[in-house]
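Working notes, beginning with the structure itself.
Chains here go by letter, A, B, C and D, matching the order in which they are written, and residues are numbered from 1 within each.
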């Protein structure tokens, strides 16, 4: 399906927003202003954006520890996100969650997750709500190649088939789970493993946002029509180390340079847009600078925001906690 | 009001809440039983028959059998609770929490807090617990101390049919995740149970009897044994209060402290393992907050720190009985405070 | 590979022993002499026997809640087993374990297991010992069709491939997990699911003890040669309800009658032996009556044995427990 | 004897035991780090660097990286322990026990008992725990009360480098399953650590200082804070004993009771959640067995019953500090026993 100019520009904007956001988070972290650690999404933008472009606000996503990109693509407010990461009361979770627990129920973002494999069962549950309440919504479980091995993921694939749930399993295969390669850790083949459950499954080039979008669009259509789940095995690139403190010596410098040079989904998309005369360099530059400004404003505001008041330590444990 | 079993009371609670609220669904292994077979449907209605008849009344969209994959379907209940449903999910034996604790401890229990108060997770996890059925080490644990330890969870341990019904209705209506534990040897217990819909607030103890000499606190199946002990003691002129806090979290600290203060002598009879258990929890509460009133050491009557054995001769020795409870009360009565 | 007369007779004997044992356990249970509940193995004998015939004493098996057949086939003493099931101090576990926790380390039986899916990780561990200590042993994980769905099983298939372990996953597909059919609960196809991990996998007719043996023999050879795991998907029949108290109304009477009449592995094996003139009816009858006597002696002794002394309640929690 | 970090002390313990006993193997995620990459091998040596260098010394057959599947590899450790090896298995954060508790609680912990004493399961499960690193709710829990509750497990919570080494060596040699918990903020703590091989028995408390006015019991990171509090109090002439029981199971009840009896005033400072926690466990022990000697309520200093928050302002308020411990001691000192 052909994307309009506006849709392409929006996709570019969101990818750029994620990239810029992560660049600034990394800078804040290096300056010692991020209290915890963060897992940067840079390099994988085409996945989050291609996936979420195919979704409505009323659809659900369940994210991972590497959740900034998913959150932004699903429509979370970046000002709240950066404030959350800096541990401020203006943060998305009022400072209680931090980078790994960003959630925004208004846009169907059901939460990042610090537990590898924690998300797929929850995504099945959201899909069950959609099915039971006949809302027509679909639900997406983002998982990494590492998370794909967790028993919870395997169980969820089975449950989704048994209950015929409108859920899409998006496996973002960046080749690594922390410092362990997928080549070592993932036996066999992700697509074959999904097909073993009788599940519709497709391999997708995660460097192409339009490929991701198109595969996702079909999966959503399939799910909304009541046909059940799909698994998308999307190959992608993790530019940084596993977390902001990881020096990443297990990958050669040559590998990392090559990644940035030849396998950058944002650069590729920009080139495609320009060479295909879909958008001009000027238009894209303009988008870029608007985003840089937006993120900068957000960062400055987050720095200035107050830390949560210690009296809030014991609130929101229970609905009726005193 | 009519006589019903603990099992029937729970079944009635489920029926009434499912009838009243479309968002209530039930999930679990064999909670209907017979899916895919050529015999009768709803053949089991749960391993202990608690969900029997729900399938016929509310259909397979709201009464969902599952594969044997607790992590995925308990997690699905949590995810459904985040998105508009009010699932009641069953794991057959609480011992099976080992394969799915994450979805309870790190997901359901923590959502509201981690997300800064932005959501609720109104789910109930039902499970049977307890020793006495010769089910051996992996099917007989109590385990409510584990759940009680985890902030964000509420934990209910009913001791009789009418409480079971009212507490389950309240648990389903509660907006926080609730762990609802049913002692397997109580299912056949009969009691007066109101026919109508009623809810019993979580965190309110039930006082079974008041006596000024000592207080026995007990949950679940230990409540009957505490009553039995109280009857025996009454014959010797020892008058004890028996208090069933009914929920371990929230805990009715007010009533507990009131009775501890009034009687000054306390015995806690509990079926859970002793270390970091509920008996210790209540004891420590009293030792900190009602110390002044104490006339004797706080005595815990619990099983030993061992797994639950299979053979009847061992399992009977494992579980605290009325004699041990009565003996503890007698010991606390005999205790003379030395001058400090 | 051709089995000798002696081997065939031994296989028959063991199958019969299991059948007779279960018949007596059931009778004891109905007479109220079994304190707990038990899961009868009747109908599945060809699986346990075919599998264990291919193993040495030094090989390991990890069993399930339905473990009597596996235990007997691996060489556990039936007198100890029945005493254990009756909760006596002469039992295999001195009355502490009961039906679901029979184990005998001397014959490589690492334990029945009350947790569905509890066994496969343990079997990987036993295989790891064999590999690390270079003992040449292999390890077998018995699992049901229901257990096959558990995340622990999926994780174990992956781990076995990643670590190239000498482990064989024996999936005994009797079509049911309690009162839930495999047709409902197992999405896709067991063999395809195993192959998704790149694992060697084979479907086997569990009504034929020689088919089971032959497939198992090859899997053992493959594992001992250091090639890694195999999964055998073995179809079989559960004659009784899930446990001794299950009235089993979810399967029609016709189905159950047909099972007993046409799909009884023991009857089939006997017929094959006789019609192939491998063993005579007389020889088999003789074997039968020896077994009936052996089990009867065991049952009578178990009934007469003492219950464990309550003082043993707190022993064997720790090695140095006081 | 030389100065070493807590991390280095643990690493040394692993090296020494692996050198001494071929059956000791190490299993875990990224415990080498870099498998399948084109960069350097042993790049991580564990998420916190504790296993660094083992790969080079003992090779990939004894130092095993894993997929992210805790149930399978923790279970594999248990299975290996049943069959001749002595595995040390790491789960990166103790919070992850949620995905693999069954293999610990229902398998490893219960084998010996269920099987009638016929086997041992000599495995060590290492994990980091604790708050203070801004790791939020799913990566900051203490959770040792969960393990302490489970019969069949031993639980070790070291507070300093030399204890860490001696206790880890003992844990590896112990024939029962041991949960060995390392506070993540202690890894860089430096202390004198003997270079040779030594083992510290499990179940023996360490007395850091003796003072007759009150006793503070503390584990892990709370031990330093208790010492800090004791120093502050000393300036005011209040002399407290500080006792680190070092293991929660077995518990050195003898030393605990001795100090409770001698000082009559007790404060328990603990980082675990309060309900059914270690502070409650020790308090209940004393309230039952040393009641006679008590001169004041037993005070617990713990975090509130909430998940661990992310923001520094909240997390600092969450974790008990020296000021709160000192304050509790002062409150217990002021307490005057009323005549009963």
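Please note the rule applied: a contact is a pair of C-beta atoms (placed from the backbone, for glycine too) under 8 Å apart; a residue touches a chain by one contact, two chains touch by 3 or more.
Please read all numbers here as calculations on a predicted model, not as lab measurements.
Comparing contact pairs by residue number, the interface of C-D is reproduced by A-B among B-C, A-D or A-B, since over half of the pairs coincide. The most distant chain from subunit A is C, comparing centres defined as mean Cα coordinates.
Remark: subunit B and subunit C have CA centroids separated by 36 Å (rounded to whole angstrom).
Here the CA centre of subunit A is 45 Å from the CA centre of subunit C. The distance from the centre of subunit B to the centre of subunit D, each centre being the mean of the chain's C-alpha atoms, comes to 30 Å. Computed from the mean C-alpha positions, the centre of subunit A lies at a distance of 40 Å from the centre of subunit B.
The set of subunit A residues that touch two or more partner chains comprises 91, 93, 95-97, 101, 113-115, 149-152, 155, 158, 162, 184-186, 317. Shown for subunit B are the residues that touch two or more other chains, namely 66-67, 69, 71-72, 95-96, 98-99, 102-103, 106, 113-114, 136-138, 151-152, 305-307, 309. The touching residues of subunit B, counted against subunit D in their complex, run 71, 95-99, 101-106, 109-110, 113-114, 136-138, 145-146, 148-152, 248-249, 251, 264, 272-273, 275-281, 283-289, 291-300, 305-307, 309, 337-338, 340. Note for the complex: subunit D touches subunit C at residues 23, 25, 61-62, 64, 66-67, 69, 71-85, 87, 102-103, 106-107, 111-120, 151-152, 154, 174-176, 250. The touching residues of subunit A, when paired with subunit B in their complex, are 60, 62, 91-97, 101, 103-105, 110-111, 113-115, 118, 120-133, 135, 139, 151-152, 155-156, 158-159, 162-163, 315-320.
The touching residues of subunit B, when paired with subunit C in their complex, are 29-30, 33-41, 43-44, 47, 65-69, 71-72, 95-96, 98-99, 133-139, 304-307, 309-314, 316-318. Considering their complex, residues 149-155, 157-158, 161-162, 184-189, 192-199 of subunit A touch subunit C.
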